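Both complexes shown next keep chain A, but they swap its partner, so chain B is in the first and chain C is in the second.
So, the complex of A and B:
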């Protein structure tokens, strides 16, 4: 099955090539930055030992490190298969948006091995699982591609904190993930990306959501010189709730792009997108957020919010919140703001004896805190606050 | 305490203050009244160092220090406190964090040790109690979602916590009901002593029923045109300001 998919994807990419700026999803992000990463080099063995504990799943260059499974305390709750052994085409089904994106197809044709990781029915984990994605390469300009599928069976309640670590020479990490959330499952997925400054990241995360599912995605990203993240959520059955909260800290000439699509395909679902970008120097941030409410998806309640704080006259934010509604009994809202620190607020703080630099930092933290406070995982909140402090003072 | 000599200020090339002379000794409460647009709030903001305004001439001296060119925060640290007419809301910064940061900035400037969190909380809670505010006030973001009365009480809480040398109350009485007005006045009366000064900018007599001024100034078109005692307030209440132009 996987060989057929890889062949189809390879043909697609060879025909389409790298995406141009004429495409809506690539309008503000140039794929030219990625072309030079044309070598594939993803050794399984890395130069140093990576510390893991009994709640950590380690992926080295996108491949699950089976050694760490021996000590993994929740291994009885898991069922793991190599993707080569999966023959159910539904497992590999992705949205049309992804299937028609040439970089996604490049990833599908590229990856060497991946896993299907299933959390069994009614698995309840009190503490979060850690996923460490360790990337290391030996030659410059190389592309490391990974593809893994996570399946949360009915009634499972799982929290995951994912962290990327990059070592070696500059690379381009192309990550494809699929998350299948069965009925009544509860997934809290926290991502913390503190890449090396010369690492390029392009990720595609597709969430297939069943009935009465509660899905939370928390994400904090800083230091990526180039990061483009596609998140697509299909709310396919009634009563589900998806919340996405993202904080991006960008400076120097970093470029960061969040591309989010939520498809309300069923009645009585709720979704919430909250993306905040803080930009300094000559950095750029892009928000492409879309909610599509299908015909018949009545009683949808959806909200999108993108707020950009520009700390420099040379920083740029592109914000494109969109709603497509084909049902008539829904509540949908969206909003976007872009601006500098409020001078009146700075004056107010300084008039109480707080120096200008401290007043500015206080306001930056306040801006970020409003999204950090919405994170579903307290550990991601804590990590984000520490990262924010070092970013502001760095 | 503060001496203002021939102060001139403008905004967007429009002259607002046209030669203000004012001296407030320690231990005194002064009041400035005047029509809308006469320059009262501009004077308050220029004293506090608001950089929106251009100082075109004159001097402001705080005790023996010329603060005319001083930064906003250094003026505050020298003892100037502006009670804002429209306090800004700052979501995401708690009152406790803000107040403690402000207090410790002052203590550092005065060569004192920073106040630890417990000591600060005890101090703040005692003031909150006097203002009839719940302790949870400290957990709320600065002025965010506050009613008009709460905003003004927040200003008085800050005043009493920081304990500056000069309090400039810019229409602090506007939009307050009688109970809130009494609370604000009680706070100001608690603040004032023989070592500090208060400058009240107001349109109405009602706040002055609770805070007795020593000197009253009337301002017209960017200048103080009349100085006297409480009887001036009564005349303004009765006759307005047009008699000053005759």
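So, the complex of A and C:
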């Protein structure tokens, strides 16, 4: 199965090549920076021991490290298979948007091994599990691809915190993920990315959502030199709720792009996107959000909000909140604002004896806190707040 | 309640287009087809100078290399550009007095309710009427010339004021700007030209009325309005076409140039034939409209009410080059049956303290698809630029669609940019409230929709506002969501 898919994808990529700026999804992000990276052939070198505890799953260069699985506290709740052994094509089904994206196809043709991780029916985990993605390599300009599928069976309640760690020479990490949320499952997914090296990140996450599902995605991204994340959610059955809260901190010449598409394919679903970017120096941020309400998806309630705070003259924000609605009994809205810190608020604080720099920091923090407070996982809130403080002061 | 609503909706959708008659007059028409010879012939008939012919040919050569844009959220049968005729004109060409104009045409315009006759002078609107490809008559010309205002057909302007035309033609929309603009530049046959001299406040509203009559023709008119320093002008545009089974193409260009301290207000009521219930026939309206606020403190304001045309592709834009300049866009777009509209605006902030406002109201009924596509660009030097956009949509019926695609690029931190959009159906609670107070369902809907559009109607000149309100009422009367 997987070989056929890889062949199709590789043909697709060879035909299309790297995406040009003429494509809507790549309009504000150039794929030029990614061309220099070549496929990494032997991505197994690990020079450093990663400390893991019993609630951690470790992925090294995209591959699940089976040692950590031995000690994994919840291993009884899991069923893990190598993707090579899976022959169900539904498991590998992705949306058209992804299938027609040449970088996604590059990833599909590239990856060597990946896992299908299933959380069994009615699994309830009290504490969040951690996923550490560890990337290491010693050759320059290499591309590391990972592909994993997570399946949450009916009634499971799982919280996941994902963290990326990069060591060695900066690489280009291409991540493909699929999340299958069966009926009545509850997934809280928190992502925290703090880049210390100059890694390029391109990730594709596709969520297939069933009935009465509660899905929360929290993400905080700080200091990625180049990051483009695609999130697509298919709300395929009634009563589901998807919430996305994202905070991005960018400075210097960093470039960050959030590409979110939510498809309301069924009645009585709600979705909410809240993305805030804080930009300093010569950085750029892109918000490309879209909600499509299909014909017949009545009683949809959907909201998009994108707010950009520009701290320097040279920073640029692109904001494209889009709605496509084919049903009439819906309530959809979006809002987008871009601007600098409010002069009046600074004056208010200055009048009360707070110096200029502290006043600014206070307001930046307040702006970011509004998203952080919405995060569904308290541990992600805590990490984010610490990261925020160090970013503001750093 | 739902059944009753449906009946009411159906009844409304069955309403017919009232301007769908055609006029039997003798017309001179080119054979279908487009090549350099056609353009040369067109230019020769119009006795155009060499530079204009060269300009047309350059545009045409560029157009041949371009491909039709596909990014818009509209679907239509491919247009065979070689099957269209690029020039159609009533045989009796115009003379100085209205008495010489073919009485049938006068009759046509009377049916349309245009104050072409000077007896309607009380209304104080000066009209330039464009029938198919040529401009028929321009009223109030003498009076306007007292103020030094030039208001004439484009062809006349080319003959009488070549220096002005040469200076401004293509300065806002270059001949190679986009596919339809390039086509228009190559084959435009007539249009209106307005020049308001320094410090003059135009004493009356200027108006153009476009009508497509001949079969198998495209209408390609070009409007150029130049407001010199400190002047003011309010310009109205109206459009209709007869009911025909085939689709007709309308690809116009409108260029506005506002110098220092001047104001241009451009209002459109578009009521082209929109095709029948099955979506057969109707006008393809692919229009490029753009204005430049060249000087400081200048202002350009677009107001449009769109109820007609089978497919609309139109983005009136403002480039705010001068400091403190202002751009405004107010729009009501109604789509019903199988109409599609992809419309919006582009606001480009270049100068300091520039300000733009976008207010759009989309109403979709039946199987209509209504798209707002807007671009707000705040460039690096546009300090303290401000933008406010609000795009609201109402959906009536479960087969229609409303879409919003705003593109917002901000390059300056002192800029203030706000965008808001909502989409919903007419609230049951609102209807109930009205019903409860003895207001009939029909009236309630009309009231709610008119209330919804009020912000835009307020921007229209008085007589246009009344027309717009009635137009919406006629189009959507009795509809409920």
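As a working rule, the second predicted complex is superposed on the first by the 389 of 394 C-alpha atoms of A that agree within 3 Å, B and C clash if a C-alpha of one lies under 4 Å from a C-alpha of the other, contacts with A are read in each partner's own complex, and residues count from 1 in each chain.
In the analysis below, a residue touches a chain if its C-beta (ideal position, glycine included) is under 8 Å from a C-beta of that chain, and two chains touch if they have at least 3 such contacts.
Fair warning: this is a prediction, and the values are worked out from it, not measured in the lab.
On the superposed chain A, the two partners chain B and chain C both fit, without a clash. Applying the stated contact rule after C-alpha superposition, one finds that A:354 touches chain B and leaves chain C untouched.
Once the two complexes are overlaid on the shared chain, A:318 sits against chain C while remaining clear of chain B. Shared-chain residue A:298: touches chain C; no touch with chain B. In the superposed pair of complexes, A:269 makes contact with neither chain B nor chain C. Contacts of A:362 after superposition: chain B is touched, whereas chain C is not reached.
Once both structures are fitted onto chain A, a short way to say it is that chain B and chain C open up an angle of 70° at chain A, using Cα centres and rounding to the nearest 10.
In the superposition on chain A, A:310 makes contact with chain C only, while chain B stays out of contact range.
For chain A, the partner that touches more of its residues is C, with chain B and chain C as the two candidates. After overlaying the two complexes on the shared chain, residue contacts for A:327 are found with chain C alone; chain B is out of touch. In this overlay, which is a superposition and not a single complex, chain B and chain C have their closest Cα atoms 13 Å apart.
Looking at the complex, you find that chain B touches chain A at residues 48-52, 71-73, 76-77, 81-82, 84, 87-88, 90-93, 97-98, 101-102, 105-106, 109, 141-142, 158, 162. Put simply, chain C touches chain A in their complex at residues 71, 73, 378, 380, 393, 395-425, 481.
On chain A, the positions that touch chain C within their shared complex are 24, 295-296, 298, 308, 310-340.
Residue ranges of chain A in contact with chain B, taken from their complex: 342-345, 347-356, 358-359, 362-363, 365-370.
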